[in-house]
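Look for chain A in each of the two complexes below; its partner is chain B in the first and chain C in the second.
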Partner chain A sequence: MTEAKPKALVIDDEELLRLGVKRLLELEDYDVDVASGGVEGVEKATSGDFDVALIDLKMPDLDGVEVLRRIREKRPHTVCYIATAYASYETAVEATRLGAQGYILKPFTDDELLDQLEKGVRKRRLELESARLRQEREERMLELATERSRLKTVVNALADGVLVVNYEGKAVYYNPAALTYLGLDDLSLEEPALDKLPEELRRLISQYLDEPEKRTTAVSKQLALKPNYELTIEATCTPAPNPDGSIAGVVVALKNITELKRIEHLKNQFVSMVSHELKAPVAASIGFLNTILDPDTNLDEETQTRFMERAVSRLNSLLTMVNDLLDISRMELKTAVRELKEVNLAEILEETISLFKMDIEKKQIGVDFETEENLPTITADENEVQRLFTNLISNAVKYNRQGGTLVVRAKRAGAYAATTVRDTGVGLKPEEKKKLFSEFFRAKNEFTKGIHGTGLGMSIVKRIVDSYSGKIEFESEYGAGTTFVVSLPIRREEREE
Partner chain B sequence: MALIAVIDDDPDIVETTTMVLKSKGYDVVSASNPDDGYDVIKDESPDLIILDVIMVEPDDGFFLAQRLRRDGIKTPILMYTSISKATGIQYDKNEMIPVDEFLEKPVSPDTLVEKVKALLEKGGA
Partner chain C sequence: MTEKLKRILVVDDDVDMLDQAKAILGAKGIEVFTADNADEGFQTFQEKKPDAIILDLMMEEYDSGFVLAHKMKRAMGDDKKPIFLATAVANVTGMKFDSTTEEEKEWIKTDAVLNKPFTADEVLAKIDAYYEKIGD
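Up next, the complex of A and B:
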């Protein structure tokens, strides 16, 4: 440490002594200031930062003991000496009580004074150093506490649950998410935790604690904590070993995978429905062919032909379904190639209705088709729009009654072109309404027996409408008919009018 | 000759199954939904029931089988379905599905007849 010159203050009303001491100390390389009275002494001592102060006990304006008190109050690290010619036991005690380092009897020799002051300077420096170290230590403690609280804040804020169980099976750390997932109101630290945990998790943790040598890596397990996909947690247990390899505890991370499991379940259901729907026409076709081939059935030619025609028809419907599924998959993956252009809705509707001319005539359906004049165009892929209305109008024809009506209207509605397709057909039962857009939903009732379909048409309609940020609404009454309103956004330039 | 009830919502399957069974000398009654199926079984007391799983609802076949057993009807049931086990949905005869045989469609005429024979013998018809 580079030592600065020690700073000394001499407070004495005796001028000669002040100057004598000043000169002596300066020769010894002190930085010296003087005060000629108590008040000035206090003033100088408290505004500067002196290593040592020599205070005369008897001064006319302020008593040396009082000067000492005031200096110590403001500058506890300045080492003070009382100098006096009249040493009394009482004043000595009082001065020491107030924190004077020592007592210097006047008259003193140079060596006596220097020896005392030197000790004082050393003491003062040691005190300052120790104060500095103490403060440093306190700062580190504070930092540590902040770090710990920060860590706690972070762990508590995690959406994942964290639970740490020690080698005795006691909970030593956890966050609120862990309690929530495990359905625990409280878990006091150091409490045996294992018995409160779900059976499967308890077994998993126990394996680590009971046979630490066998279980050395992390293991994850999915726990259905509530039935029906309400709460599924993935618990990952990681052993925490001591330096000697023995087990200190197990860290359990709990991740909420409920939504994931729900989606997985829906996907499985969908896959199973798809496979069923695809296999049904295959089974029927194979059934026809096997029946023809079976020598026992001994079919006449007419029946054989009818069976082969049915097999072809079922296989065709299978093909349609496969194509529909591929379309849905493309829409889902957003890999459908689109050719966006200005599409004239009125033209598409007219063409689509004409596609079903034969069926319409066969069923003697009255068609009421009208579009608003100057109907704005929409920006879309023409094939998709065609597909959308083909599916809707095809249903309106297929499910219509003999001699019923088909109403198709298109008009502008705000920023949308709204197309209404109304039929006087089977209609939907209330419970069927929410299933209308699901894959493979087909209304099955006394009216729909002879009607074929894949159950994918409306699902495709909904996907196309959604993909253009449009909307589809419907009203339906069982036995009376259904009305769809499809709203597609019109071209941006035509919206402001 | 034994009477067999075929309950399936696919008219093509009903037609061909009926034809195959009749050609082997069995008598056949049929229904296309679980309610009609229940009535046919009550009215005709068949010796064997061939039952599809997915009809109006995806689990109609299971419910009909359970309903029959609850009513004390012990007629052997051959259940078949197009649900594929490959999709991970495991269906087989168990307490929830009280049937005597579980087959995946399509079922060839040979397999069908073989199973029908076996079940009828077991049922003592």
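Up next, the complex of A and C:
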């Protein structure tokens, strides 16, 4: 960077001197301005930014010392010289007190003047530079302080826990989340922390501290800090090495994975349950076939046929269950292909009831079926709606008592078409009600012996209803019967009518 | 040892399994009692005093077999008889019971697990093993 020309201001009432100095300084590559009196001089000096000012002591309008005072007041970095032929001790002291750089005695030689002014310019430049550095330093300090507090704020606000343990096993840094996860009320810094940590975590950290050469990469471990999936933490330990490779400490990040573990547990439970439900009919079928093949059993032909029929029946129910599970999986993955159209609910209900004609007659169940005239259509996949009501009505027939009643009603209720399916059957015990829509739930009691089912029907009903933003409600009394009300949204255009 | 075993009680809510047990164990000359729920099973157990008991794990509840086994073992007093748990699930873990701790094993109180479908020979082998172990 080329330095800008030094700027000089010459304040003198003697025109010749002014011009002479101006010419001299311009030859020396100064940028020069002049003022012919004290007032003008103060004005120019304070409105511009001069490196040096040469001030005549005796001027008619304003005394040089006063000019100096006023300039210094506004422009403390302008280096000022007093030029005078009548130097007195008092004025010299006064001028110096006011911050003049020096005295130049008139008459002066070119060299004397240049020598003095050059020193002034250098001084002024150094002053500016040091002021700039000082300011920069202050700004950095401020930045650093802000940075530090920002970092602290960020770390403290983290949902993940952070704990830093030094090579001596002392806690040197941690955030509130770490304390919460580790169940610690307080952990003072520089206090031996290892003993306060859960056993598994303590062991993991110790491995880093005791054998740093063996443990050089991050290791994660899942810690069940509270039983029954109440709190599971994933602790990731990362070694922090010194520049020479020795261990400085271990940084421990604690992540709350409780929710994940809970879902994993539910999934495992579900898989176990599915395995059990799938294996039971397989085991029963194989059991029948083995029994027939076992030479010891010596079964008569009639029993053999009966056993084979039962094996087939169990395999058929297994097939139904597998299909139901595939349907549920498609609904869960939302890969079910839907053909949405205007569905006439009354027709579907009528068809569905007729599907169970034989069972209804066998059990001598009285059917009471009624739908409101001009029932609005619903926009849905016909197969799904059929499936929904087949499952509901099938249950209402299966679990009904001999000579019972089946009531099916459909009517409009606001923006919904509400279908009621009521039976006079087994009903649900209070504790069974909340399990009704769970997969594989089947009411097991003296009435339900011999009734077959997959335990998936109501789960599918619920999923279908939910997928259309509908709702399903039920009332049930053990031994008396159950009433379901399924509400499905009607076609948008018909809602306003 | 199995010669003297004449009476076995099978409790399972799957009537198919009961009929099979009757057929295969009956063919070995064993008298088979059956019950399709835990309450009836306990009642038959007290009335018939069977020499061995086979219980289905999951009946009314996921742990019905365990509960019933516990109740029967307590009722046996010093006259210990083997109780086998029959299940379609190969391992019992993942269900309501992760039978990992000693307390849980103690609580379950069964002597062996039978995988469904079981054969008569498997049942008899387990019974032999039981009596060998207790040194009868």
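By definition in this document, the second predicted complex is superposed on the first by the 367 of 497 C-alpha atoms of A that agree within 3 Å, B and C clash if a C-alpha of one lies under 4 Å from a C-alpha of the other, contacts with A are read in each partner's own complex, and residues count from 1 in each chain.
Quick note on the criterion: contacts are C-beta pairs under 8 Å (C-beta built on N, C-alpha and C of every residue); 3 or more make two chains touch, one makes a residue touch a chain.
What you see is a predicted model, and the numbers here were worked out from it, not measured in a lab.
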{"item": "Side-by-side fit of chain B and chain C on chain A, or clash", "value": "clash"}
{"item": "Which of chain B and chain C A:Ser206 touches, first, second, both or neither", "value": "neither"}
{"item": "Partner chain(s) touched by A:Ala284 [first = chain B, second = chain C, both, neither]", "value": "both"}
{"item": "Chain B versus chain C as contact partner of A:Ser438, first or second or both or neither", "value": "neither"}
{"item": "Common ground on chain A, meaning residues reached by chain C in one complex and by chain B in the other", "value": "268, 271-272, 275-276, 279-280, 282-284, 286-288, 290-291, 294, 296-299, 307, 310, 314, 444"}
{"item": "Residues on chain C engaged by chain A in the complex (per definition of touch)", "value": "13-17, 19-20, 23-24, 26-28, 36, 58-60, 87-89, 94-95, 116-117, 119-120"}
{"item": "Contacting residues of chain A [partner chain B, same complex]", "value": "268, 271-273, 275-277, 279-280, 282-284, 286-288, 290-291, 294, 296-299, 307, 310, 314, 444"}
{"item": "Residues on chain B engaged by chain A in the complex (per definition of touch)", "value": "9-10, 12-13, 16-17, 19-20, 23-24, 54, 56, 58, 81-84, 86-89, 105-109"}
{"item": "Chain C partner contacts - residues on chain A that touch it in the complex", "value": "268-269, 271-272, 275-276, 279-280, 282-284, 286-288, 290-291, 294, 296-299, 303, 307, 310, 314, 444, 449-450"}
